[in-house]
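Pasting the structures in now, so scroll down.
Next, two complexes with subunit A in common: one pairs it with subunit B, the other with subunit C.
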Partner chain A sequence: MSKRVLPVILVIVSSLLLLGLAYSFFWPTAVRPTPLSAFTAPFVYGHFQIPADNPLTKEGVALGRLLFYDKRLSADNTVSCATCHLQRLAFTDGKARSVGVSGKELAFNSMSLANTLWGPQHFFWDGRAQSLEEQALIPIQHPDEMAQDLDQLIDELTADEHYLKLFRQAYGEINAKNIAFAIASFERTLVSANSKYDQFLRGELKLSADEELGRKLFMAHPDVKASLRGGNCIDCHSQFLTSGFNAKFDGFANNGLDSDSNLKPGLEKITKMKADRGKFKVPTLRNIALTAPYMHDGRFATLRQVLDHYDQGIKVSATLSPLIMEATNQPSDSEQLQISLNLSEDEKLAIIAFLHTLTDYTFIDNENFSNPFPIKRVPHE
Partner chain B sequence: MNPVTNNIILSVCLVIGLLGCSKEVEQSKTNKAADEPVVKQEVTGEQTKAVVLLRGLPTLNTVSSVAIVELDPESENFGAIISEFETPDINSNAPLHHLYYSPTGRLYATSLDPLCSLTEIGLIRDATGAPMITGVDCLDTGGQQVGEDIMWHSVNGTQYMFVTFMGGTGVDQADGGSIGVFDPQSNALIKIIQARKSQVAEGEPFIMYPHGISAFGDRMVVASTIHPDLATGVGNNIAIIDLNTFTPIQNIVVEDAKPVGFPSSPVEVLFVRPDIVKGAEPAVLVNTMFGFETWKVPYDETTKTFGSPVKLYDGVEQGTGVPLEFYGNESELFISHALPGVIKRYHLANLPELVTSGPDIAADPGAHHMIFYPTQSGRQVIAVQNNLLNLGNGADNDPTDIDFIAKVNAHTISVHDLATSERLATIDFKARYQKGIDNIEGLFGSGFIHHH
Partner chain C sequence: MNKIWIPLFSVFVLLAFSWLYLVNHKQAGTVTLQFQARVGDKPLEFNQTRYANPGGEGKFQIRHLQLYLSNIQLQGKEQRFQVADSYHLARFDNAAKSYLLELHDVPYDKYSKVNISIGVDESANASIMARGDLDPNNRMAWNWQVGYKFILFEGTLAHAQKIQPLVYHVGFSENLKALQFHLPEPITPGSAPVNFDVDILAMFSSSVNINMAALPTVKFDRNDARLIAENYASMITLSADDSAYSALEKSEP
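Coming up: the complex of A and B.
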C-alpha cells in the first residue's frame, strides 16, 4: 500500500466512525418493546381486541402502572388515577361520588377497572370515551378530577430520567398519546378471573346451595308460564364477564332508578337521542361485594338495597328497559300494581350470595397491579 | 394393536358389504341442551368461527386434530385454520367423535377410542384475544367405551352430565351399551346406567347400543343404534329411562320397512317439549339410520306414558337415506340426511308434526352436523359438515375415506344462505388439509337452541 493511500483510508474510516456515532446519538434506536407473550385470558370471557398500534408489551404495561399510581399526573400532585381506583376495592374508591383536586363531588361513582380489556366499548357511565386510550386522558385534564395540563405533565415527566428511559423503551418519546397508551395497556392487564365463580366455571369447586340458587336466578329471565323463576340479571349482565353486552350501545340501560322528571341525560349526552336518556353503562359485577356504593351515583349503600330496588323499587320512565318492565315472578292473573320481580326473601339472599362469589381475592392482592412507588432512583413519591 | 381396536376395524370391513348396497350407515352426534341458559354466541363476536374435529387420513400421512376454523364466506380467511391441536395419542382409527359445550362453557368431545372415550378440551385466549386449543384430557369413564352423545340435564334440582356409550362397559359385549352419569363440575363418574338384554328377564326393558339422547322432566330417551363394530348387532328401539331411579322402564320399537335389510337403527332423538315450542304436544322424534324414516312417539305428560309410534317421514318415498341429526333455531327444525346429502327444514311451531318451512338445503354426501351464524355483513347462514362416518379401516391399511365410505364422505363444509338455501361457499378439507372433517360446533355457541 502506498504512503499516499494510507492517510486517505484513515480519513474515510474515521469519518465513518464519526458518522456512526452521530447517527446513534441523534437517531434513537428503534423502539423494540417486549411482547407480553405469556399473557393469557379465560376463553369464556370472549374475544377482545387490542389496538394494533398499542399491543400489550412488558415495557408499556410497566410504564402504565407507574403512571397510574403517580400523583404528578394531577395539577397539584395530590391525586393519581389510583386515588379513585384503589386495588383493595377492585379499583373503585368506596365513595358515592369521587372527589378530585377541586374538592367537589364528581357527577359519577368511580367504576371498577376489572376486565376493561373486554370493554364493553364506550367507557365511563355515559359512554363518552370510545377506547381506553381516549378514556385515560380525560380524568387527567378534567378540572375537578386531576386538572392537569398535558404540556405541563409532559414537561414534568421529561425532567425525570427514569421516565425518559421507560418511555424510550416502551414507545419512544414522551407525549400525550404515549401516556394514554401506557395507562391503557396497564388497565388492560387488570384481569379478574379467579373468583369463586371462575373456579366453579373451571370445574374446580361446587357452589353452596344458596350460591347455586342465586346463580340460577341470576342467569334466568323469569317466565311464569314455564314456572321459571328468575332474577333477570343476565338480561343486562352477560353470563361470564357479568358486564354489559358489546354490540353498539347494548351495554347501556335505564334500570329504573328515576322517573321521567328526574332522569339524568346519561347516554343521551353522547348520542343526542332522547331514547337514550337515563341510560347508563351496565357495569361489571365482578368483585361487586367490594365496590359499594352502587349505581352511577352511588345511591345504594348495600347489595341488599340494590336487590330491593330491582325487586320492588323500579320507577317507570319512557326509556325504562323493556326487559325490566316485563320481568316478574308473579302470575299475571294476580293483582300487580307496580313493576316488580316479586322475588322471595330467600331468593334475594341467594342472589346476594352468588354476587359474593364474584369476589376475586387474587385480583385485589396481585402485586403486578399494586402501587410500585417508591421506586429507587425516582426522586418523587 | 389391541384386540378391541382390531375388532372394530375388522368389523368396519364387514360394513363394506352393508354399504355396498348403496344405502349407508352412520355415526352421529351432537350438542347441547340444558335447563339453564346455555352459552350465548353473541357474547364473543366470534360467531363465524367453528371448532371442528379433523381426521387424519393414513394414506396422506396426516394426524387427527381439533381445530378452530374461520367460516365466514365473506372473509379472506374463509377456511383458514386459526388454531390446531393434534391428537396423536387418540387411536387414529377411532378418533374424537362429537363436540359439546357444557352450560358453563367447557368443551367436551366424545371419542370412539375404547381407551379414551370421553375428553375435555382446553381452550384459552392469547395476548391478542385469539382462541387457542391447549390440550385434550381423557376422562375416567369407569370402563365405558365408544362415547357418542352428551346431554346436561337436571334431575330433582341436581344437574348431571349424561353420556351415551355405544360400547357400554366393553365393546366385546354383543348387547352392550350404557349411559354414564357424571358430575358436571368434577367430571367424576357417578353412576353407570346399564341393562343388557342378556342380563335382564325376558320382556324386561333393556339398554343396547345407546347413541341419541334427549330428556324432558324425569323421562330420558336413548336410541338403540348399532354395535360399535357395526356388525354384531343393530338396534330397532328407543329406551325410556326413569330419571328418578336411573333405570330403564320401557322399550319402544321404532321400525317399519327395512329398505337395506337391517333393523331400523334409531340414531338421534329429540324430545319435543314446551321449552322448545310453547304449547307443543310433547313427543319424541326419532330418526332411523337404516329405516330412512323419521318417527313421532307421543308422550302424555300427565300420565307419563308414551303412545304408539307414528311414521312422519319416509326416506324411501322421498329419495333420501340415513337421516341423522335434529337441529333447531328459533323458528325452524333442521334434519340432515346423509344421502344424497340434504338438509330438510320444518316449521318449529308445528312440532311434533313435520311441516316443510323452506327449500331443501343441498349439501354434500354425508350431510351431518350443522351450525347457524351471521356473516360479517349480517347474512344468516348455515354451515353443514358433510362426512358420515369417521371410522378408519386400518386392518388392511386402506383408509376408509378412500374406499367404502367415499360415497358418503365428502370431507367438506358447505355454507348456505339460510333464507334461500343457496350454497355460498365450500371448504374441501381433504383437498386443502389432507384431512377429513368429522364434527362441527360453533366456537362459542352454535346458533342452535334445540338439539337434544
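Coming up: the complex of A and C.
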C-alpha cells in the first residue's frame, strides 16, 4: 500500500514545484527589478534607511527620474517637479516662493532635494509629510502647485506604452503608490558629497585661511568664558551633513525670524503643540550658495542678509531656540536680554566663505540627475 | 519480564537529560531597564515654567533633555554580560516620560549588579564612527574635534520679570561617570523590568546647589562642566518601589 502511495505523492509534489517555478517565471506581475548596486554614500554621513517596501532599484530610479521631469504630472501639462526643483540650483527655483499652475505664489520657498536620505525624515518646511513617498503626491495634487487629479494622471500614464513598460519592469501596475515610490527612489539618489568641504574632509585639499576660519566659527557655539568664538551654526546644522538633526523633530527650530505676534504656525500645525509654534525644518546647507533666497518664506535674498539676521536681527518669541538666545561672542552688561552674536565683519565674511565651500559642481552637473527628455524611443518589435 | 526495563530505562534517561537541560540551559532572553524621569519631587513636564531654581530665585522650564548612557554590564553569578555597542541616547519626551532600554539575547544567569556609565568613553568620544546611538551628525555631537555632549539640557529661567536662556551642554571625557547598582533581588532574562529613577534636578542640586541665574550656561569651561558632572553622577538611582513613584504622581495638584 505505502509503496504505491509514495511515488504518487512524489509526482504530485514535484509537479507542484514545477508549477510554482513556471508561475514565478512567466506570470506577468512577477516583478524582478535590479537592485541599485552602485549606490554609495560618504562614511561621515552616517546611517541611512531606505524603506523595506521600496528598495532602490535601477528601474525604479529611472522611472522616478522620468516622472520627476514629466510635465504631464500637472493638470495642464505645464509644470513638472523640476519646474520648482532645478538641478543647476541644487533643485531649488531661485524664487522667494514658488509658483505653480495657478500662478499664485505658494506659502513656502522651494527646498533643495540634496541628501534627503539624511536629516529630518519629515518633509516640507513644516514637516507635514512623514516620508518621501508621502511627500511626492502632495504637490502633484495641490491646487496651486500641479493641480492634478491622481486618477486622471494614472489614465494618462496608462495610455503611454513606454510608461506601461517601465512601471511593469519596476513595480507592476501604474497606480498612485507606485508613482510615489518611483519619485521617492529617484530623490533618494540625489546625493551631494563632492563639494570643496567634502574634499577637505577626505584630506584632498586645504581650505583657504578665510574658509578655515569660517569652518571653525560654523562648528562652534560661542563660549565667552572659555574664550571660544563661534557662529553658532552647528547648534542646528549638523557638522558633516549641515542638515537638521534626524531624530524625532530635533531638526526643527525657531530661528528668530518673527516675534510672537506674527509667528507662523510651522511645526505646530503637525504636532498641535504650542511649544512647536514658529519652528521650521532646518534645511541642509549643502549648495547653499546656489539656493537663494533663504528661509521658509524666502525673505532673505543673500547669504549676507542671513548672517546679519543671526548676528543682529533675532526677534524674540516664546519658542525661540534657547541656544540662539544665549549665544554671544561679547556679552553686554545690560540687565535687559539683548540677543546678538556680535561677530566681527571679518568673521561674517569668513562664514560666508565657508558656506561657499559647500557648493558641489559634480552634483549639479551629474547627468544621472538631469532631464531625460526627449526620450529616444526604441521601435516596437 | 526483562524487556519492560528497556523502555522504562530509556524514558528515565530521557527525563533526566531534559531536566538537566532545563536546569543548565535556561533560555537566553531580554532584560529591560526602565528609566523614569522626574524633577525633584515633581514629574517631568516639558515647556512648563514650574521648577524652583535650586540655588536661587525664579522658576525654570525644560525645553530639551537628552543624555548618553553607555557601557552597560550585567554581573551575574556565572558571568558578566557586556552589552555590545553600548551607547544609548536616553530621552524622555514621551507620554510616560521614561526611557526604555531592552537588552536582547542576555544569557541565562542570576544577575545582581548593573553597571551603567553616564557619558561616552574616551575612545568613542574621539571618534566619528557611528555605533550604537552615537552619530556624529546628531544633536549630541559638538564637532569632531570636541566629541559628544554627555548631557544636553536646554530651557529658560524666569525671574525678576526676565526670561533667561539656560544651556547646559556637558561633555569631556573626564566627566564620564561609572555607576554600579546592587539589585535587591537578582534578575534573570525575561523577568520584570529593572526600574531606575532619573532625577533631573540632581544635575543642579546634589553635591552643590547651583543658582541657575548666576550660572545659566555650561559648555566648554572645564570647571563648570566638572561641577555639573559631580552632580549628575548621583542623578540615577534604583527605584525604591513602584508605589513611591505613584505617590509622587498623586501629590501633584
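Assume the second predicted complex is superposed on the first by the 341 of 381 C-alpha atoms of A that agree within 3 Å, B and C clash if a C-alpha of one lies under 4 Å from a C-alpha of the other, contacts with A are read in each partner's own complex, and residues count from 1 in each chain.
The rule we apply is simple: a contact is a pair of C-beta atoms (placed from the backbone, for glycine too) under 8 Å apart; a residue touches a chain by one contact, two chains touch by 3 or more.
Keep in mind that this is a model prediction, so the values were computed, not measured.
Colleague: Answer with clash or fit: subunit B and subunit C placed together on subunit A by superposition.
Modeller: Aligned on subunit A, subunit B and subunit C clash with each other.
Colleague: Check the residue A:M219 against both partner chains and state whether it touches subunit B (first), subunit C (second), both, or neither.
Modeller: Once the two structures are laid over each other on A, A:M219 reaches both partners.
Colleague: In the overlaid three-chain picture, which partner chain does A:E326 touch, first (subunit B) or second (subunit C), both, or neither?
Modeller: After superposition on chain A, A:E326 lies in contact with subunit C alone.
Colleague: Quick one: is A:S261 in contact with subunit B, with subunit C, with both, or with neither? Answer first, second, both or neither.
Modeller: A:S261 contacts neither subunit B nor subunit C.
Colleague: Can A:K248 be said to touch subunit B (first), subunit C (second), both, or neither?
Modeller: A:K248 contacts subunit C only, not subunit B.
Colleague: Regarding the shared-chain residue A:L36, is it in contact with subunit B (first), subunit C (second), both, or neither?
Modeller: First partner only, subunit B.
Colleague: Using the superposition on chain A described above, determine whether A:A275 touches subunit B (first), subunit C (second), both, or neither.
Modeller: second
Colleague: Which partner does A:L56 contact after superposing on A: first (subunit B), second (subunit C), both, neither?
Modeller: first
Colleague: Please indicate which partner A:G46 is in contact with in the superposed arrangement: first for subunit B, second for subunit C, both, or neither.
Modeller: Both partners, subunit B and subunit C.
Colleague: Check whether A:L205 is in contact with subunit B, with subunit C, with both or with neither, and answer first, second, both or neither.
Modeller: first
Colleague: Quick one: from 25-33, 43-51, 79-87 or 151-159, give me the piece of subunit C that collides with subunit B in the overlay.
Modeller: Clashing stretch: 79-87.
Colleague: Per the definitions at the top, what is the overlap between the subunit A residues touching subunit B and those touching subunit C?
Modeller: 44-47, 219-220, 225-226, 234, 238-240, 245-247
Colleague: Hey, which residues of subunit B end up touching subunit A in the complex?
Modeller: Interface residues on the subunit B side: 36-37, 39-40, 42-46, 104-106, 123-131, 184-187, 274-275, 278, 444.
Colleague: Could you please specify the touching residues of subunit A with respect to subunit B in the complex?
Modeller: 35-50, 55-56, 200-206, 216, 219-220, 225-226, 234, 238-240, 245-247
Colleague: What part of subunit C is in contact with subunit A in the complex they form?
Modeller: Answer in residue numbers: 46-47, 63, 89, 91, 93, 128, 130, 135-139, 141-145, 154-156, 162-167, 169, 216-217, 219-222, 224.
Colleague: State the interface residues of subunit A toward subunit C in the complex, per the touch definition above.
Modeller: It comes out as residues 44-47, 118, 219-221, 223, 225-226, 228, 234, 238-241, 243, 245-248, 250, 273-275, 322-323, 325-326, 335, 337.
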